[in-house]
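Presented sequentially are two complexes of chain A, the first with chain B as partner and the second with chain C.
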Partner chain A sequence: MNRFTLKAVGLAAAAALTLTACAGGGDDPAAEPDPTTGGDDTTPVTITFTWWGNDDRASRYEESLALFTEEYPHITVQTSFQDFPNYWTARATEAASRSLPDVMQFDLSYLREYSENGHLADLSTHIGNEIDLSGFDDALVQSGVLEGQQVGIPTSTNTLALFYNPGLLEQTGVEAPAEDYTWEDYNEFLAAVSDAGETTPDGQAIYGGADYTNTFWFFLQWLVQEGVTPFNDDGTFGFDESHMSDFLALTTDLREAGQVYPVDRGIQLLPLGGFTVNESASEFSWDNFLAGYTADSGTEDIQMLPVPTGSGGDKAMFFKPSMLLSSGANTEHPEAAATLIDFLLTDPEVGAIFGTSKGVPADQAQRDAMVLEEGSIDATVVEYEDAVAEHVTEPVPVPVKGFGSIEAEYKRLAEELAYGTVTIEQFVDSWFAEAAMMTQ
Partner chain B sequence: MSLTREVTGSGGLSTVPPPAVTRRRRRAAETRAGYAFLTPWLLGFFALTAGPMLASLYLAFTNYNLFSSPEWIGLDNFRLMFDDPRFIQSAKVTGIYVLVGTPVKLAAALAVAMLLNNTRRGQGLYRSVFYAPSLIGASVSIAIVWKAMFIDQGIVDRIGQQLGISWGGWVGNPSMTMPMFVLLTVWQFGAPMVIFLAGLKQVPAELYEAAAVDGAGPVRKFLKITLPMLSPVLFFNLLLETIHSFQIFASAFIISGGTGGPAGSTLFYTLYLYQRGFVDFRMGYASAMAWVLVLVVGIITFVFFKTSKSWVHYSGETK
Partner chain C sequence: MTIANVPVGSVEPTSEERSAALRRRNRSTERTKSVLFHIGVLAVTAVVLYPALWMFMSSLKPTSDIVGNVSLIPDNASLANFAKALEGIGGVSFWTFFKNSMILAVASVIGITLSASVSAYAFARIEFPGRKVWFSLMIATLLLPFHVVIIPQYIIFNNLGLVNTFVPLLIGKFLAAEAFFVFLMVQFMRNLPRELDEAARIDGAGHIRIFTAIMLPLMKPALVTSSIFAFIWSWNDFFGPLLYLKDPALYPLPIALRLFVDQTSTSDYGAQMAMAVLALIPVLLFFLVFQRYLVGGVATQGLKG
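Moving on to the complex of A and B:
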């Protein structure tokens, strides 16, 4: 090879590689079109509908949409779905090109960001026309209102719960916490289970649970118990550095003594976790996770408890509106979109199809339509929400703009804290610095 | 450029030179035809590469979150970068990967190429087999397999246990993730190996024979003959692999689940760029990062070319 060819090819290759570096990245958000049979109505329309979730959810939506098409043959619905992180990447790029889906599943975390910039349609004109919310709790409907616009309507409600595995507790000889347990009691419980020194049939050590300070929503729950309103109406925080340090310090001793589920093992198990591989006896999460926990762990017997009691003496729980349905402001078929939203929110058969897999349905008719067999997952979740209703005394903290990002940042820093690569002080400093940028 | 000159030159030799006017006209027609053939490529280049690149250059000086229109903030993105601990972390991780991964990969490629350089039965098969990982190495499935190999109780952990080393799963251990990624890139040594092999074939056998007569051992032959004769190919491979290393993305994205964890130990530059752009929706910052990468790679390429004069020897060149 002579000098010219080598140099020329080298330069060209260098340029090409560098250029692709800038152009790369990003998952293809291409939809998987699934044209449910259209009708022969005089004005047929096609609308798009997208959600996040697993295959199980997809098949439930397909089943529901088949019913929808029977009832409204002139509306063709094209569907697609992604997992939660990729879902928001795809929506953000669509928002930039003003081509959001006609109907989409939405989360409270991102609602403000999208509505502030006028990307979501105001559904209030359709309420009472296409959309019938008579079976809804009014406060819940209001949670989808931002600056006077109904930018989303929740499908269901969730609240936090402590899940525990009685089988593992029996093996370790530790009693489950009593219902009026405090955060300190829970710490003692975690330490006791981990110190029992029991192992799974595979020889893995059994732990009491993961470090609960690693999730932003648990921090918010704790703040509410402390009497702090996490987010003010003007988008500022109601908490400061000392609140966050105090919360993170709750489990410092457990972390140092290795009494919480080890982070390096947890990372390797993703997307499963210690609780779903039956190596961890308890876990905090949203109550609609029960179905997923049961399916993933293969453990039939999973029990639920409310969150610990705060220093003020009560649990100060809240119902989080979840799985909102919204419509892109760019929609060309607002009536058809509203018709689909109404069908998904209020049709009793849809309620029966989904059960509690998206949370307890917000609509009375859908709740009544659920088949609650004694001891079934749906029955357990509904019973749980009924049982904790007396503890639900606070409104849900309304997420600020940039919530999705500051929540992710919290999770990332919590991982570093668990590895011991940052101190609590560094954690808090980094988080507030990042949050200042994200919420501006 | 040299290529065109050669082609037209040799064409001129074989025929009687036509009159000057006809020749010029024919050349103009050829040029037009050439550009016509290039059109699809040019369209692609301007619409899919140059356009977005210019857009990203503009966005690098703005605050742009995809939802509202970009807002000009001058050099703020670049200033923020150097106060951003995660940016520093990502630069560090990528730097270590490039500095360690590239030389080790090239050494492996050269070693295997020298083994395969001897004539023996079935050498075609050996070459194909050693090249195979390069074809599939960058794929998503290999990243998933890699993760499964290096997890708790995975094959690597079990081998370690057999040898009496309890290193556990590498995937969850921040100090072992970098060796894992270096192994992944070294395993894909096929492409530089093939180029090395082509280079080795061109080293005249007389040189080795002469050296053997003079009593030179294998190490001396390697240092005094193979390396200098191979230096143009080495330069080419070094440049290519360095740039390639800067762009590691897919495997890091898959193995860490897009987070760059555990504890930021796999936060490669492009992964962080992706996070800033598509998770935090800070496109301005992400664009600025992309341009810093272009600049750094450009400077490294420039330095390589400048220093190459002192260590790259082209045959037939007098020193």
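Moving on to the complex of A and C:
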């Protein structure tokens, strides 16, 4: 009996501590965990939670979940994690047997596929109850809504950036592009760096960067700048063959002159790339890749620029949810699942634990709670997103069904184009033929 | 190669000198041939083993020196990667992954040797109604691609509440569902002379006695071959554990290996290489210890004393 009371007192004390800690974290109402929500029913439940990521992410989640268990002792969270490609194999099998995890990390490109088949729970009934989204940007929350159902809630954002390596640029004597650079300026930059004829200490030639027309998301960014909405609500494309040919033609001269990073060397280096082995001076990617780039290349000094200005005179950037949290439609404990989602999305301490490793947190309270050391990777990414916020004028294109496949097909064809085995015309024809089948 | 050493006592004394000279000449051409042969084989071995050697040497390098670097010699070798790998992932120690792999592999070996040998005895020696039909059905499961049965199997195990346990990965092995091994043993048993069990039957032995006292000891090569394959396959299996095991504390090594690599943030290739080396050691040892049986088991067609 004594031991029991002792335990109860201990638990209460721990809970009280967490409450004060949270209350001290920020004045935002989102920071206040409401003791009544999700806590009405304290019968012990066990929910499952799955994510993709490496060992670093696993330890951050373990730390966050320890806090969660402290606050909600009646909810036991069973965790599981895999790497990204295998994550989707495992989820597909579970979806087939209607046994998806109660809470899981989700990616925008798979969202439509799973929600169309009714695999994801509609979280909108929990918003305002268990889930408090008052610290969220409305437009961002909308990116998790498909056909009126909130099938996912973004955890964090990222946006495209041009990374460049000032050390390599110094060696080649080429200036980094100015912030208001255009796609043509960037082409000139690529050519200038490649033509400088410098080599790395290993004797590999230094290039300006990879052919940026090789990635589907860059095409989407360019389309948005041209004033084209890539995907319509009914799942059709807002662009046609001529848009794609125009985009691919941007770098035809560079490809022919061998002024972009050679595709064969790039394939040799997989899973790294020219930029991460310091043989390529710049690369477009998502801004939260900075941590990976810094670690893989061993280069401390990597700078970021917004994307080039389009023909319309603005950059028309968008914030993309870097990942979302969703709940399987088969969940038996929707309230507990929603409670966990809310905790991971809005608890300031969780924000501090993750920093920008998943992207910049979507919730204001979590952003405020991050401890940003001057010059750290987290600080650089947050500063970047703050700086480009003025250029973010467009909503993120919500991927159509089969997005993963058409994206992969684009990448495959881009590789062939780089090898010179297909022409732009053949590229566009076969992509549209494939896309017509995959998005049915 | 050993022909030259065969005693030639039956040769007539008069030709002895001539044959000795011939043998010497033979031996020297044999020797040049053998040297050339070995040089060739070593060169091919070097090519074949290069990736393994590269993996081993890379495990001593820092992560940034691994990918895109084909040289073998590390600039500054260290065991830091091994320390990182042994620490484990997300609070689960390396030894837990190792233990899980071991449990799965050893249980697979036990399950397969027990169940496949008994079923093989039934197919090879017992005349029961529908034997041929059942045998062809069993062979037919070999033709069924694994991917066709995954989802129905998963649904069944999920409804039985057995997902996230080792049961789905092992139960088939204890129930002789691995047709390959049953087939291997049936073929082996068919080559054993029936006279042996007929003699035992005349002496009053039943099926159990014949199986344990006569068949099992004679089947040693087939049993060893099956054990080796069962061990290596289970040790390297990735897909089964990926689908059926959810709790990281139940993951075997092949799944754990992948967790060091994340395309969306940072990847620790060094630790991955180190863990790959550590994961390779047991299966390599197992192979070295049993390899003479492995070759023997595959090569044995008939009966040897």
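Quick note on the criterion: the second predicted complex is superposed on the first by the 398 of 440 C-alpha atoms of A that agree within 3 Å, B and C clash if a C-alpha of one lies under 4 Å from a C-alpha of the other, contacts with A are read in each partner's own complex, and residues count from 1 in each chain.
The rule is simple: a residue touches a chain if its C-beta (ideal position, glycine included) is under 8 Å from a C-beta of that chain, and two chains touch if they have at least 3 such contacts.
Since this is a predicted model, take the numbers as computed values, not measurements.
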{"item": "Which of chain B and chain C A:A96 touches, first, second, both or neither", "value": "both"}
{"item": "First, second, both or neither for A:G292, with chain B first and chain C second", "value": "second"}
{"item": "Chain B versus chain C as contact partner of A:T48, first or second or both or neither", "value": "second"}
{"item": "Partner chain in contact with A:D264 - chain B first, chain C second, else both or neither", "value": "first"}
{"item": "First, second, both or neither for A:E415, with chain B first and chain C second", "value": "first"}
{"item": "Set intersection of chain A contacts, chain C complex versus chain B complex", "value": "89, 93, 96, 268, 270-271"}
{"item": "Contact footprint of chain A on chain C as seen in their complex", "value": "63-64, 67-68, 89-91, 150-151, 154-155, 158-159, 163, 239, 242-243, 246-248, 255, 258-268, 271"}
{"item": "For the chain A and chain B complex, residues of the former touching the latter", "value": "1-4, 6-7, 9-11, 13-14, 17-26, 85, 88-89, 92-93, 95-96, 113-114, 116-117, 119, 263-268, 270-271, 405, 408, 412, 415-416, 419, 421, 430, 437-438"}
{"item": "Of chain A, residues touching chain C in the complex", "value": "48, 50, 52-59, 61-62, 78-84, 86, 89-90, 93-94, 96-97, 99, 268-272, 277, 288-289, 291-292, 295-298, 357"}
{"item": "For the chain B and chain A complex, residues of the former touching the latter", "value": "2, 48-49, 52-53, 56, 66-68, 80, 85, 151-152, 168-169, 171-174, 198-199, 202, 232-233, 235-236, 239-240, 243-244, 246-247, 249, 257-259, 261-264, 270, 273-274, 277-281, 290, 293-294, 297-298, 301, 305, 314, 317"}
